[in-house]
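Every chain is named by a letter (A, B, C and D) in the order it is written, and numbering of its residues begins at 1.
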Amino acid sequence: MIRKTKANVTEALVGVQDGMTFMLGGFGLCGIPENAISELVRLGVKDITCISNNAGVDDFGLGLLLHQHQIKKMVSSYVGENDEFERQMLSGELEVELTPQGTLAEKCRAAQAGFPAFFTPAGYGTEVAEGKEVREFNGKMHILEEAFKADFAFVKAWKGDAAGNLIFKGTARNFNPCMCGAATITVAEVEELVPEGELDPNQIHIPGIFVQRIFQGKDYEKRIEQRTVRQK
Amino acid sequence: MIRKTKANVTEALVGVQDGMTFMLGGFGLCGIPENAISELVRLGVKDITCISNNAGVDDFGLGLLLHQHQIKKMVSSYVGENDEFERQMLSGELEVELTPQGTLAEKCRAAQAGFPAFFTPAGYGTEVAEGKEVREFNGKMHILEEAFKADFAFVKAWKGDAAGNLIFKGTARNFNPCMCGAATITVAEVEELVPEGELDPNQIHIPGIFVQRIFQGKDYEKRIEQRTVRQK
Amino acid sequence: MLDKNGIAKRIAQEVEDGYYVNLGIGIPTLVANYVRDDISVEFQSENGILGMGPFPIEGEEDADLINAGKQTITALPGASYFDSATSFAMIRGKHVDLTILGAMEVAENGDIANWKIPGKMVKGMGGAMDLVASAENIIVAMMHTNRAGESKILKRCSLPLTGVGCVKKIVTNLAVLEVTEDGFLLLERAPGVTVDDIKTATEGNLIIKGEVKEMNV
Amino acid sequence: MLDKNGIAKRIAQEVEDGYYVNLGIGIPTLVANYVRDDISVEFQSENGILGMGPFPIEGEEDADLINAGKQTITALPGASYFDSATSFAMIRGKHVDLTILGAMEVAENGDIANWKIPGKMVKGMGGAMDLVASAENIIVAMMHTNRAGESKILKRCSLPLTGVGCVKKIVTNLAVLEVTEDGFLLLERAPGVTVDDIKTATEGNLIIKGEVKEMNV
């Protein structure tokens, strides 16, 4: 019987190759697929294109791949907080495609849902619109954006089951659900992997059909980028 | 302080008028806004356009509005199971716009999410494509579909809170979430209305921002269209 | 010649391990009864459930739990519920591996008609247009001829289309056909049915290559 | 002249009962501290929370609960979490009532630039392009001039644009301005700031109609 559950991250990432395009969930360092990123570092795959809202920080998240010069191109909406990134970008070593955050999310969702293209107002009249079709709807200008294409999507969830069903936690949800099913193969790493039937079918954020491989992640660091507190 | 919670269906439907366009959630008779439909019957608003996947049965759901000739136009994907509907349609009394089910759902979601138009493969080469722009993406033909516009959306949820957050139950979810925020005013009727803070923020299907009015529904009949059982 | 259950039984042989399957109303619904139980298959119903189970035991019907045919159902362990936009994301996004649906007419170019008889019957397309436009693996379950004995396997569809060039395989009460560039390739014949019977019942171009084996149902 | 908190305080007066508000990074974040507590306002953060509360008490930080500025936060009763596509459905679909964000430059035609300095700084637009393209009610919080004393309230933006013709209102350390067809209409001046001070600090066309009242902050 076909099983989605993989024993570990190495088994889950079988098939990743140089030159591929990967989607990676997370916002800042929140909800990133830590295990998958570590394995990509270990594997040393090169010339990859990463679709991810952010590029990590210098020594964590996608910053780890940047340091090893594994990334050829980043597709992101916000890439601050990362000196090495800025250096590689300004020196021309790294190709960068900046996309409005909502458009980025929807280009994932369009790939997931089988829409080749959609009109959005975001970016009209800016650099982002260059070379794109412009059209007026309801008296307002919009640009045509196309769905992403990717080989693997790496996402991180809170709980998951053997059927691939996923539940995310808090704002660690972010781009993760949008990327499920948006690539040829979606690999989900979860904090807690449970047998089928343990998750309430009414509370599942991403049905298993969007996930091809799932594994129990380990050693989550869950680093906090801006620890802000108030006094009692 | 602005309050979304309304005392009853009459208060919740203030502002509905002849000639308006309404969205109504539900699939068959499952998850339909029973209270809102009853009130529309009582109010006797006429010449209305209803966007709803189905048209009810002869004596329940939207069939009640059909019998009173309140509906000028139906926008649906499937309208079987309703003799009066068929009679009005074939006689020309009722205008009918049939739309593929997935396109119907997405035209709602596009209205909710601020997309004026999207390309979809559904309906290419059929009557549905007549008068619509056709374009090839990735070697496959697609047609351009536009977002719906509606005055009110009437949806039914299982649980809701005073902030307008909604949780649906089982397959009574269907079109209801897609229609929230897709009309100028969204009215949600719920089986159980709870104070803010009682629903787990991680398990909310529709955040309250998509809902303008909410009320505790009553006397739900929840009629079953096709009761099918097996032997023990 | 097969009855409806026979057609469903033959189609069930096409279902493979790990498949997500969408079953249309009518004969396709019966397919679930004949899928081998040593493989893992999940049924999707486009009204919003994945992991659909059998009909409920009497007294356990839940009005909030139905399939696309509006029948009361149950959910199996590992099931999930979702909204209509997400449901068609599964379909349009090619996440459903196999779609089985009925038809009024199929043409040798893969066109299918199953939603409207002008001036007579207009139930609507429901999810069929999304399904046929998106699925890469579609099997049509149908009777080879109508009640008047006229072929429904045609050169060109006469009824309004549901989709163009999308049907790959057809299982009827008489035969299993593959839609090819040159027409309907006869793959199998039903028990007790001759190649000539099928020829007679088929208006579209029928291609016969060598010995046509009998179905194993 | 106002400091950052003063700007936030003045903007807070624009927040009305029942509003859903998106606060950008920097000065806009401070606005939450000054909203009247007799009205009901929900803060949306585009990374996926509605009903954002104050920073957590020390020791109660949750790495899985942050705002768009990557700061640890809390959730208030009635809050909800959602994915990025849903978050921007709220924004693009005009469900957010008020958007407050910072800017490097604003022009008299309503253009705004706040995401890139060519060859020097490219942090990216984040959600700003979606926000300014969709929101009907945008207030820009900014300093009137840069550190070199040059105006950031311009005839035309010199930096790459974030959005065109979208800014309606600006609150700076010196003034409250409304963007009109003819230029920047001076609505209010900051305490201790003269109309001439504002004229000097404004490169774009400044419109002065009658007496300009001092802000009440």
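The rule we apply is simple: a contact is a pair of C-beta atoms (placed from the backbone, for glycine too) under 8 Å apart; a residue touches a chain by one contact, two chains touch by 3 or more.
Since we're looking at a predicted model, the values are computed, not measured.
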Contact-pair count is greater, between A-D and A-C, for A-D
The distance between the C-alpha centres of chain A and chain C, rounded to whole Å, is 36
Separation of the C-alpha centres, chain B versus chain C, in whole Å, is 28
Distance between the CA centroids of chain C and chain D (whole Å) is 55
Listed in rising order, chain B residues that touch 2 or more other chains are 106, 109, 113-115, 120-121, 168-170, 202
Touching two or more other chains in chain C are residues 49, 75, 81-82, 85, 88, 91-92, 134
Chains touch in the following pairs A-B, A-C, A-D, B-C, B-D
In the complex, chain A touches chain D at residues 27-31, 53, 76-81, 86, 89-90, 96, 98, 100-106, 108-109, 120-128, 158, 168-178, 205, 222-232
Interface with chain B, chain D side, in the complex: residues 17-18, 20, 38-40, 42, 44, 49-51, 75, 77-82, 85-86, 88-96, 134
In the complex, chain B touches chain A at residues 106, 110, 113-121, 137-138, 140, 142, 146, 167-170, 202-203
Residue positions on chain D within touch of chain A in the complex are 45-49, 54-73, 75, 81-85, 87-88, 91-92, 111, 115-116, 119, 122-130, 133-134, 160-165
Chain B contacts chain D in the complex at 1-2, 109, 111-115, 161-163, 165, 181, 195-197, 201-202, 204, 207-210
